[in-house]
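These notes open a run of structures that come right after.
Across the two complexes that follow, subunit A remains constant while its partner is subunit B and subsequently subunit C.
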Partner chain A sequence: MLMDDDRISTGQAMALVINAILGVSLTILPRDVAKTAGPDCWILVILGGVFAFIAALIIAAVITRFNGKTFTEYTSFVLGRPAGFLAGALYAFYFVLVCAVVLRNFAEVMKNFVLETTPREFVIITLLLLSFYLIRHGLEPMVRFMVINFPIWFITAIVALILTLNKVDFSELLPSFRTPPDKILFGSVSAAISMAGFEVLMVAGQGLKTTRHVYKIAAVSIGIVTAFYIYLVVIVVSMLGVDETRRLLWPTFAVLRSITVPGGVLERIEAPIIIVWVIMVFTTLSAYYFSATITFANLFKAKEFKIFAPLLFPWIYFLSMMPQNVLELENWLKFAGNLAVVFGLIIPFILLIAGSVKARWGKSK
Partner chain B sequence: MGKIFDTLFHRRKTEIFYERDMAPDRSRKLYKDIDENIRIFNEYLADCDDLISREFVVGNPGGPKHRMALFNIDGLVDKRLVHEEIMKSLMLFARQVPLEYSVGDKFFQLVKDGLLTVAEVREIDNFGEAVLAVLSGDTALFIDKLDRGLILNTRGWEKRSVQEPATEAVIRGPREGFTETYRVNVALVRRRIKDPNLKVQTIRLGRHTRTDVGVLYIKGIANPSIVEEVLKRLNSIDTSGVLESGYIEQMIEDNWLSFFPQFRRTERPDVAAASLMEGNVLIICDNTPFALIAPTTFYSLFQSPEDYYERWYIASLIRILRMTAAFLAATAPALYVAMISFHPGMLPTDLALSIGATREGVPFTTTVEALIMMLALEVLREAGIRLPGPIGQTIGIVGGLVVGEAAVRAGIVSPIMVILIAINAISSFAIPNFSLAVAFRLLAFIFLFLASVAGLYGLILGYLGLTIHLVTLKSFGSNYLSPLVSFKMKKAWDIFVRPPLPSIKERPDYTKPLDRERMRDLRQDQEGRGGDENADGRR
Partner chain C sequence: MKLKKIFLITVAVLSVFYTIGCWDMVDIDKRFFVGNIGVDRAEDGEQMLVTFTFPIVRKIAGGQGGGQGGGGGSTIVVISTVTDSIHAAARQAAMRLSRRLFFEHTRVILIGEELARDGIEEVVNFLERNTEINRRGRVIVVRGKAKDALTIKNEIEVLLALYIANIFENRDICARFIETDVDEFMKQVHSMNGNVLLPRLTPGKTDVKIGGAAVIKKYKLVGWLEENETLGANFVLGEISGADIMIDIPGYKYPVVFTVTHNKAAMELLEAGDYPKFRVKLEVKGEIVETPEQIQLAPEMLKIIEKMLEDRINHMVLASIRKLQEEYQVDLLGFGEYLSKYKPDVWEEYKKDWENIFPDAEINVETKVKIRGIGASK
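And then the complex of A and B:
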């Protein structure tokens, strides 16, 4: 369980959510949306943002309703003991799965772009160990870490994308509004999935200093992420073209390959920028790793959540080594994305409805 | 009987020197019989040849005679003061004391209040305090038929005068530095802050050294919880001796596993005064010119006193320069190794070719090459410190120029590596705080190792680990990375730029000051005044 002083402010919670969202999904998002909607891909991102915002609002409503209670406490309260326990366990396994997928995807990118000869196991274990080192300090230090690193990767990401501007051809985004609405609606769900990450607040919400501003957290963090994604998708697609974006495995990093730094100090900067991206992956991983740990600790009503971190360590590692190749990893990613809809939208929605029904029922009685 | 007394006495003797709270043993009271007092006092300081004891007789020739005894330590007292103001007063002027005053308690009162022309006189009734005072440079005076003694402040020994600090030189700013004498150091701070709220609490540390350690803070600004914490930690020190503030620093710091100094140390009273006004607590230790400032943040270690004396553009630029230097001091060789061995594609083709050409014939890998050069440089630096000035320069020339040049000619290292290591070393000297510079040099080796294992990925792992460590590090309850950890942009600004003085209206957050406001709004004030003048004119 969290200690009393281990609480985060509203701004810190925003940083936590943004850091949890931005990570691996930004590497494949341009491909996903370009595949579905072609030049209209940016519409998908906007709609996806709207969907993600609705989901975040539902989660925020749940957190506000069960102010200060742990996840297990309020699910048990709403759904009953066994169902609550089951929900908690499912969430914990979901978080572990996300950790594994994030790590594996990260390892594949590293193998492809930065460290061709280094084994994946090394990359995965080192990052996981560091994440373990971070989360054992608790929620507040973890978020403090995220706040400190926030400007570094944010500025790097913006600068990297600005450097691409001279190669951008916005006519690639034309013609607009040619995609049929059903396709747009369907595609925007998959765009919304890439904004998964708000659900960490369902378990980390117990560490909030005040739940008064949860809606603000939802609005600001989803807003920032959506803006960032629109920017990213527009730049990537208009630089590579729709067809090229569809075909590439990691279009975001393919863009970086063609960047040159003015002044000729460095010839290729994809390696340093991917290295900065490691920070983003690391924060995503830590947010989910922490969420998994704290959920398990709540489930077993443990006084000290730290002991669960080393217990989860081998599971995350083995799960991340399960996919045989990149294609299989893609399926895992899709699976995790579908789970995100369940855990980020459907279950919170059930909790909200059941909670309010129960409250009304309790009042009338 | 004598044997029993001796063993008892011996036990007492060990007791005063090993007492837990370093306070003198007050249990052994003075006797009325002066012979007994002299005997016991001499036993306390038996075999101490630097003890000066003097017995003499004082009094009106017609009245009763008073035997007196005087003790002090040779070399610790101001001889002139003892001769002129104590001995002379007692031996000559005491003769003129009227008869009715020269009996018993009355005489004692007169000696204390009217005869001794010494500024500080204190009355004691036990041996423990007397011994400690004499060992600190005071003079003890015993009078016959009285179970009390007088402690006269006659401290005065050979000491270094106030000189320019050697480690914190500035172009603009006062040239005064702390010295080895506690009282002088406190006075140097007091001269800058003439405020009764500047409090000085002195405690004695070290079973044997009994070093004076002062805790200074400004009441009303400094957070009492921090002051309390400092005092609590200081009082928990139980050690044989405290010879330098470094002893204290290492015993009361929050995390002794960390590379990073958790105190800011300064030799400059102006820095000390400035930090006191920011709400810090200052620890001044006797026998050392280095004072400690707590709590400390990472960024305050990058500051030099000049930053606030110089115009803000210049100060800001220099501050950014120092940050860059720190970055280079930690990562320059590692970055090079990572690029050469793992990511050669990053370098522009021409540069890659020229590096390749210079590396031709070098038998070692880049990592080994860098390691050799870095170690050589550390050895040179260490040798240069130990040697006297002129020879030290020779070492610099021989080591740096001759050996470096020869190594390149012999094809052991590449010239680019020599340039790089030189940049690395010079950068580390640009960090104002020596302890921090050493920490960064240590980090350079760790980063080099990480880069040689996993290239840039190793570097970012090192960076992440370092940041996690710094984020969780605390100095007396304040975040080490403050003010970056909060969302207050205005405060975070002060890290990279030094804002114009009129805009620094608040004290920093990390000290949790009771009184936040540093200055009144200057412009508002002026506007107000302008308004008044207009009103006058209309009238």
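And then the complex of A and C:
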């Protein structure tokens, strides 16, 4: 259970959602969309943003009905105790799985680009420990960190944009509008998946100072993320070309590795940018780790949510070490993505319908 | 409280390890910074002869301080080994070296002619898969052996890799070679199915010359473009920011020298029958830097010179297009790319058989030259 003063404002909630979304997926998204739609990849991102926004609106609608209840209390109230408990448990497991996948992907990138001989286990455990340290003190301190991170990320993104401008060739995005619509639709769903993260607000929703502005949170955070993703995909694809983007495991990093600061002052700029990316991954991890912890705490009606953090720690670690290699990790990522549709769209939708039916039924009685 | 303290200390200690990356720590004095990689076909005709060069930092620093430099012999170490792959070569060389080879600062990757004729897939794959290679390094095909280019006794620069890599900076005054880096090379080789133009390097005794282009077709070197032809190709690629063109004026001993400062190229599809018909429109701006002493430039005179330049450039560009069409039968100037981007419907029809269609495509060149400056005298 959260302490009474551990509440976040609307702006803080926006930072939470944006930080939860942006992380691992921004290294993979360009390849994903280039694979399905080639030069039309930016359309996928826009449509994906629309889908993600719809999902976020549904979640927001659910949150406004909480009335001071926690997420698990609300699901039990709406769906009945056993179903509500099951839903809560599934959410907790989903959050744990996302943590694991995020961590492992982070470790793979580190292994390839930065720390080549450092064991993955070590990279994972240290980041997880740090995250553990951050979330133990509750929602508000964690979100404060995310708020601080926001301008850092923003400035880095702008600087990187300026530095890439002399190398981009926007004709790589031609010809436009030639991908069959079924592919566009299918691809934009997978683009929407990379904007998953709003579901975190469902469990963190109990910590909101007011639920009046949830729709605003949804609009602003998904809007910012979509804009950032469009810019990212356009830059990466127009710098590497469609075919090369498809081939590379982490096209975003290939782009970072090839930008130079004019004048030859700094030869390789990728190191500071990778550091910012590490922070982004860290915030994603913390958001999900916190969500998993708080969901378990609510399930068992624990007074102290902290004790669940160390309990989840080994599970996250073992899950993250399960995939044998990058290609297997890809399958895990896909699986987690499919789950995101279930937990970010389908279940909230059921909750919304069930909730409104229940409310009307309750009134007529 | 005690537990909390222990926990905090653990986190703090662990994060210190993490920030310095102690597993990966190789001190800077335990590394050799490989500047050049040269890849040749070995004498047995199957394996590769891989050559690395790296500077001895101690000697360079000593030389600058005026201490024991100068007579201390070469500052560059050249080490070659015969094996099947570039990565294995670095490991094999490790048996003969006291420090680690380190590729983050590799500036130049040289491919020997013989190996290039057999195929460069191995090099391409290495460059892409390896995460240590600098994606801004230069990829060059050597006329002859790559090792010969790496064993020259050059005195201009202390570092051989810098010497070779910095030649590329002169492209903005002399566009007679192709400029590309690992990034650009990867992009082209993959989007054009292994067809790409690479710069050509000719080794001498004490220096090297980068001029002309290597024509790579389906990952194999099929021939060269000479310097003038490369200049023509660069006009179509629209990448010239400096190149001299000389035209003879009847009755005078010395030519008029025109230097290109701006160049724009635009393609246009005129007809899409059995074979496509293209028009390449070139817009060239530049200035006159030398004339025969007796000539007085006047506006009418400039018009005539512009006309002559246009003919000259048309001729030159057509010659290089013809060579690619007839001799090598490979589309390296982006005609297919143009179709796929701007005329996707037409491209659908040609796509499959483009290799055979391109050599018969009809290509016209239309150049518009504008003389923008004539120097300080009339």
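Here, the second predicted complex is superposed on the first by the 364 of 365 C-alpha atoms of A that agree within 3 Å, B and C clash if a C-alpha of one lies under 4 Å from a C-alpha of the other, contacts with A are read in each partner's own complex, and residues count from 1 in each chain.
By definition in this document, a residue touches a chain if its C-beta (ideal position, glycine included) is under 8 Å from a C-beta of that chain, and two chains touch if they have at least 3 such contacts.
If you're wondering where the values come from, they're calculated on a predicted model, not measured in any experiment.
Participant: Considering only the touch criterion stated at the top, classify A:Asn112 as touching first (subunit B), second (subunit C), both, or neither.
Facilitator: second
Participant: Can A:Pro175 be said to touch subunit B (first), subunit C (second), both, or neither?
Facilitator: It touches subunit C, and subunit B stays clear.
Participant: First (subunit B), second (subunit C), both or neither: which does A:Glu304 touch?
Facilitator: neither
Participant: Taking the superposition on A as described, I'd like to know which of subunit B and subunit C A:Arg247 touches: first, second, both or neither.
Facilitator: Second partner only.
Participant: After lining up the shared chain so the two structures overlap, which partner does A:Val147 touch, if you call subunit B first and subunit C second: first, second, both or neither?
Facilitator: first
Participant: After lining up the shared chain so the two structures overlap, which partner does A:Gly11 touch, if you call subunit B first and subunit C second: first, second, both or neither?
Facilitator: After superposing on A, A:Gly11 lies in contact with subunit B but is clear of subunit C.
Participant: May I ask you to decide whether A:Leu130 touches subunit B, subunit C, both, or neither, giving the answer as first, second, both or neither?
Facilitator: A:Leu130: touches subunit B and subunit C.
Participant: What residues on subunit A does subunit C touch that subunit B touches too?
Facilitator: After superposing on chain A, subunit A residues 114-115, 118, 122-123, 126-127, 130, 133, 268 contact both subunit B and subunit C.
Participant: Give the list of subunit B residues in touch with subunit A in this complex.
Facilitator: Touching subunit A: residues 342-343, 345-349, 454-457, 459-461, 464-465, 467-468, 471-472, 479, 481, 484-487 of subunit B.
Participant: Help me check something: in the complex, which residues belonging to subunit A touch subunit C?
Facilitator: Against subunit C, the touching part of subunit A is residues 39, 112-119, 122-123, 125-127, 129-130, 133, 171, 174-175, 178, 240-244, 247-248, 254, 257-258, 260, 268.
Participant: List the residues on subunit C that touch subunit A in their complex, please.
Facilitator: For this pair, the touching residues of subunit C are 7, 10-11, 14-15, 17-18, 21, 23-24, 104, 128, 131-132, 134-136, 181-183, 186-187, 190-191, 340-342, 344.
Participant: Once bound in the complex, which stretches of subunit A touch subunit B?
Facilitator: Counting only subunit A, the residues touching subunit B are 9, 11-12, 110, 114-115, 118, 122-123, 126-127, 130, 133-134, 137, 141, 144-145, 147-149, 264-269, 271-272, 275-276, 278-279, 282.
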